[in-house]
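Letters A, B, C and D name the chains as they come in the text, with residue numbers starting at 1 for each one.
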Amino acid sequence: MSYNTFGHAFRFTTWGESHGPAIGAVVDGCPPGIAITESDLQPFLDQRRPGTSRFTTQRQEPDQVRILSGVFEGRTTGTPISLMIDNVDQRSKDYSDVAKAYRPGHADYAYDAKYGFRDYRGGGRSSARETASRVAAGAVARLVIPEVTITAWVEAIGGDAIDPANFDADEIARNPFFCPDPVAAARWETLVDSARKAGSSLGAVIGCAATGVPAGWGAPLYAKLDAELAAACMGINAVKGVEIGDGFTAATLRGEDNADAMRPGENGPAFLANHAGGIAGGIATGQPITLRVAFKPTASILTPVETIDRSGAATEIMTKGRHDPCVGIRGAPVVAAMVALVLADHKLLHRAQVG
Amino acid sequence: MSYNTFGHAFRFTTWGESHGPAIGAVVDGCPPGIAITESDLQPFLDQRRPGTSRFTTQRQEPDQVRILSGVFEGRTTGTPISLMIDNVDQRSKDYSDVAKAYRPGHADYAYDAKYGFRDYRGGGRSSARETASRVAAGAVARLVIPEVTITAWVEAIGGDAIDPANFDADEIARNPFFCPDPVAAARWETLVDSARKAGSSLGAVIGCAATGVPAGWGAPLYAKLDAELAAACMGINAVKGVEIGDGFTAATLRGEDNADAMRPGENGPAFLANHAGGIAGGIATGQPITLRVAFKPTASILTPVETIDRSGAATEIMTKGRHDPCVGIRGAPVVAAMVALVLADHKLLHRAQVG
Amino acid sequence: MSYNTFGHAFRFTTWGESHGPAIGAVVDGCPPGIAITESDLQPFLDQRRPGTSRFTTQRQEPDQVRILSGVFEGRTTGTPISLMIDNVDQRSKDYSDVAKAYRPGHADYAYDAKYGFRDYRGGGRSSARETASRVAAGAVARLVIPEVTITAWVEAIGGDAIDPANFDADEIARNPFFCPDPVAAARWETLVDSARKAGSSLGAVIGCAATGVPAGWGAPLYAKLDAELAAACMGINAVKGVEIGDGFTAATLRGEDNADAMRPGENGPAFLANHAGGIAGGIATGQPITLRVAFKPTASILTPVETIDRSGAATEIMTKGRHDPCVGIRGAPVVAAMVALVLADHKLLHRAQVG
Amino acid sequence: MSYNTFGHAFRFTTWGESHGPAIGAVVDGCPPGIAITESDLQPFLDQRRPGTSRFTTQRQEPDQVRILSGVFEGRTTGTPISLMIDNVDQRSKDYSDVAKAYRPGHADYAYDAKYGFRDYRGGGRSSARETASRVAAGAVARLVIPEVTITAWVEAIGGDAIDPANFDADEIARNPFFCPDPVAAARWETLVDSARKAGSSLGAVIGCAATGVPAGWGAPLYAKLDAELAAACMGINAVKGVEIGDGFTAATLRGEDNADAMRPGENGPAFLANHAGGIAGGIATGQPITLRVAFKPTASILTPVETIDRSGAATEIMTKGRHDPCVGIRGAPVVAAMVALVLADHKLLHRAQVG
């Protein structure tokens, strides 16, 4: 019943506040004998890092991950792997206003309602900084599932979507938006810049695909693969919607247009479509697992908003700190990490029950 | 790591196949002293029951629930509550075809891929029949959270949506569609009838609201209330998308249009909007919790579809059994039940940590 | 965090009160494809059954187990297996006294202190009747670990112990005491008879050995095999002590007398001793796993004892119902069942992490 | 299903190898608002510390604990509390022999059998060094249960027991043996000294009592308080037996000598005895919870023992490192820590279900 542990067989627990000395994760249940060094993990953290372009928040964190346990002579021992990332660039003074007032759209009020008080600096534990821990843990997870390839990208910003016809996975790493459509990437440069200058913020939609997942992973009914992917993604800060396969579009289709017919194939069936997004009855079908994740716009905006303070009195708030004009841009590597964590867990779960 | 147990403090485990002698649920962790009889549970099962109108499947099941344990002199004892529902109207002969071939869009192939074989009759455990067990468990959960009111309705069928301006909660019980808009309900009668006669099927979108949830329920980060609601709903058969609050629409808004500003109120803040859907940072804010759930169209359709059989050879399949032209209609009480189960769990979780 | 679910990968949840209509268990996580019928389970229940000799309680229960789900065409499907046993011979009138007063040594007072009230009939859920559900679940577990042989016996009654030199496993089934020493069995007939006539009761020590457990099962540190066996056994009604290997005797030995030296063997090392009882560092070593479990004497005795009633006033209580003069006699099959459940769980856990 | 996480509502996960850079624990589920600083935790670690007398191992570790998260302005925030202890005094060269050969009585062989390889330095994760993490976590747990007083002591070393008539709790802190009997403490000085010089080692029995536990804590059936205490203690390195109340002695008593009769009392009943050790039916009765834990003698001895090496060939091993002549001496604070962790967990569990 841990509030901060995720997973069943391959589990991770994260800890750390935005303005504490460090953040980290303990990864437990990792199979033994897997080759691993910090350089296997660092690239994923670098992807996620703030301050890498003017389009994301300006906090400069090197996000260097250290492995403190669970690895010996370059291989996992099967014992818990403790990962730690020091916080370097906290500017506590930027948050003096929010000690007293609640930022709308953030968890400030909710945390106080639950706990009676909170570490308000930089959003404390509700800060997106915690996602660095998840990305580190996700990097370990990827090593458990070498048969799987996970790709995540930004599909739309502020309602401006890519053109699927232009989709080129190699483009994702070539622009600051994880955008697979170079035409859209150019548009987004303008879009995000103008939002940032206006003190506004934009939402985004992340697309993700996992290929190579064998049919059979997933445990019906309550550890269904799609349910757990939904939880993993909805649990990312600022996420407000998750779709698998055709998602909400499927609700508008007729049955005969939504069926994934099958023909004989070489290794298992050859499917004629993938409306299901690679999951049926909570179990992987062997098809690519596809999902979309909706990020709301960041609430840390630079125009004043009505709110209340801790005493309940009316006040206004305007955050002056360093913030993302579009949180969703960095959501892509986080979504990929969460998908890796869920799939690693399900690989082990399947092995537990079926062998 | 149970595949079939859901929840942390208030847990339930379901069991039973569509064509076995019975289905059931064991509810565990229920607080003691709550007044409960079978008549508290039966109405919710009646709501969900197949065969109650020509618009849903024609299988006739009385779905009478029995309480076998955990209740003494009319009150919960705090020990596990075993609920059982006998299966009465199984027609195994309707499924003789599917023993050999896989129905596209169902979990047939996936189950075989995972387990090597399956109980194919009526979809075995992947059948929506299992949702009766969830509705029974959800009815118990409601008794744990008397302060909360949960309302679920059908918001759209086959892309045809209600008009929010006509929303009347009292209408929900007055038509066979759980539709809060009488004008839409009339349209749907025609829509669903024609789909059924054509041997086709339609998807649907369910809307749900929970009011009276106190600020503070929900446990960041990995038992976040929204993440768990997402898992609970995505785990319902045929669901392909879940949204909280503005959902995917939020991804198109600007930050200043998405903030839920606050003013002083009588009991906690008065919010000026509810884009967040009642949850921030995974914790309830005290506002109504709103969600939308997308159901794909039923794949048990009466027009032939290409598929393969167990040996991998090409074949066609056409199901002749009794099926729903729109599974989503009965998804409404199931969504409500899952929301009740998650909220009951979180009431106890909050109490565990905070008192 | 279920109070009534045990295990990680191979889990079971029991339900049912002593005087309710039935008791049962839901076994979840069982690997698919295992041949199983009710006749695989019934013999273990018959072993445990009350009323099979004048030395145990005189309640007559057929304890016929039914499998309601999770099995198709004679094999497990991998879905939850629901087991049910009807209660037939409840005599509620035997317990009218205890509705008001607390029986010392029982959980009556403790249950009221926790829940505010309880099902007092026959001890409700704290009754040893619940162990029938465990034995049924344990019988399923045995099918998961065919490589393991579990033997349990009574090692001592009321301080009168067997002579290890007379140990003959075949004797266990030949007397009403599960006694492997025929000489001791004869003595115990007299001992238990006289205790029963005197309205007294006796404690017992159960011995158990599991052979064939491969080295490697067990998951350090908090799912250590010995820790989980300890929990499984200490959780049986009336148990007050658990030992692994040399147990408390090891506390009196010198290191050089307690080491399990090794020589080269055919399949892994040949150990020169087994002081450790087959477990080191929480992991099985491949040696027989040996344990001892201490059962206190039954508190349902026929001589009056001072106590209080529900209002807190002083009173006396003398139970007139049908009771065991030695609960430990039937503890042997229950210990064996719990050991099977833990080992099945650990087989799957090991497979999850290591393959 | 985490192998290294313990608890349900109040959970902790430990990490770290004996010769890695650090060890630590993440404590999750701690109620918010509890005053806490590192100086609340350090004394318990100092108690446990090696190198504090010539009677324990000579490794010099300051064991300074740092709190890295979950605390703000001196109070717990309700978010995970990360505790870290640097390893300072590792002497890897002391363990060069054990890289190749298995030390009998240790987990060396078992770890290799499970994982295929292990961090052999100082016993890796199977080292008692890990208990420092538990003691740190236990110190946090004590803050959650201020109503409870936990006392642990050494009751016997090498079969030489204290005299209960001399029991004085204040003596425990006055000698290097946590011994409450000054007469026994003097004897033990000679006993342990001679064992150490002879290169031998001794077992021990730890006694522990927890007073102030309210009646009602404990969750039948599978989170029974006694079962979980048994698991917690049996899971400590070198433990081979656990007793609650009269333990194995109860197995020799008659029912009428083992009943805890009750009379009316001021706050709940006044018990006339405590054979049950404060727990009935898995629930606390309000009486002192008493337990005894048996530690086997340390296997790291200085006389050669027959064993095999990694290739399976016969060899001898003699450990030259710094070792405990009596591990049980330092087991007392570890037992107390585990008891605190279980009780804190059960306080929250009780609150979850009953309020």
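Keep this in mind: contacts are C-beta pairs under 8 Å (C-beta built on N, C-alpha and C of every residue); 3 or more make two chains touch, one makes a residue touch a chain.
Note that this is a predicted model, so its numbers are computed, not measured.
J.: Could you find the chain whose CA centre sits the greatest distance from that of subunit A?
T.: Ranked by distance of C-alpha centres from subunit A, the top chain is C.
J.: Between subunit B and subunit C, what's the gap in Å when you average each chain's C-alpha atoms?
T.: Whole-Å distance between the two chain centres: 39.
J.: With chain centres defined as C-alpha means, what is the inter-centre distance between subunit A and subunit B in Å?
T.: 26
J.: Between subunit A and subunit C, what is the gap in Å from one C-alpha centre to the other?
T.: Comparing mean C-alpha positions, subunit C is 46 Å from subunit A.
J.: Mark out which residues of subunit A touch at least two other chains, giving numbers and ranges.
T.: 1-5, 8-9, 14, 29, 32, 78-79, 114-116, 125, 220, 349, 352-354
J.: Based on which chains touch which, is the overall arrangement a line, ring, star, complete graph, or other?
T.: Shape = complete; every chain linked to every other.
J.: For the complex, give me every residue of subunit A touching subunit B.
T.: Subunit A residues touching subunit B: 1-6, 8-9, 14, 102, 104-107, 109-111, 113-116, 125-126, 130, 156, 158-159, 195, 200-205, 214-224, 226-235, 237, 239-248, 250-256, 258-264, 268-269, 272, 275-277, 279-286, 292, 294-301, 303, 305-308, 312-314, 328, 349-350, 352-354.
J.: For the complex, give me every residue of subunit B touching subunit C.
T.: 1-5, 8-9, 11, 13-17, 20-24, 26, 28-29, 32-33, 68-70, 72-73, 75, 77-82, 114-119, 124-125
J.: Subunit A touches which residues of subunit C in the complex?
T.: So the residues of subunit C in touch with subunit A come to 1, 9, 29-32, 78-79, 220, 348-349, 351-355.
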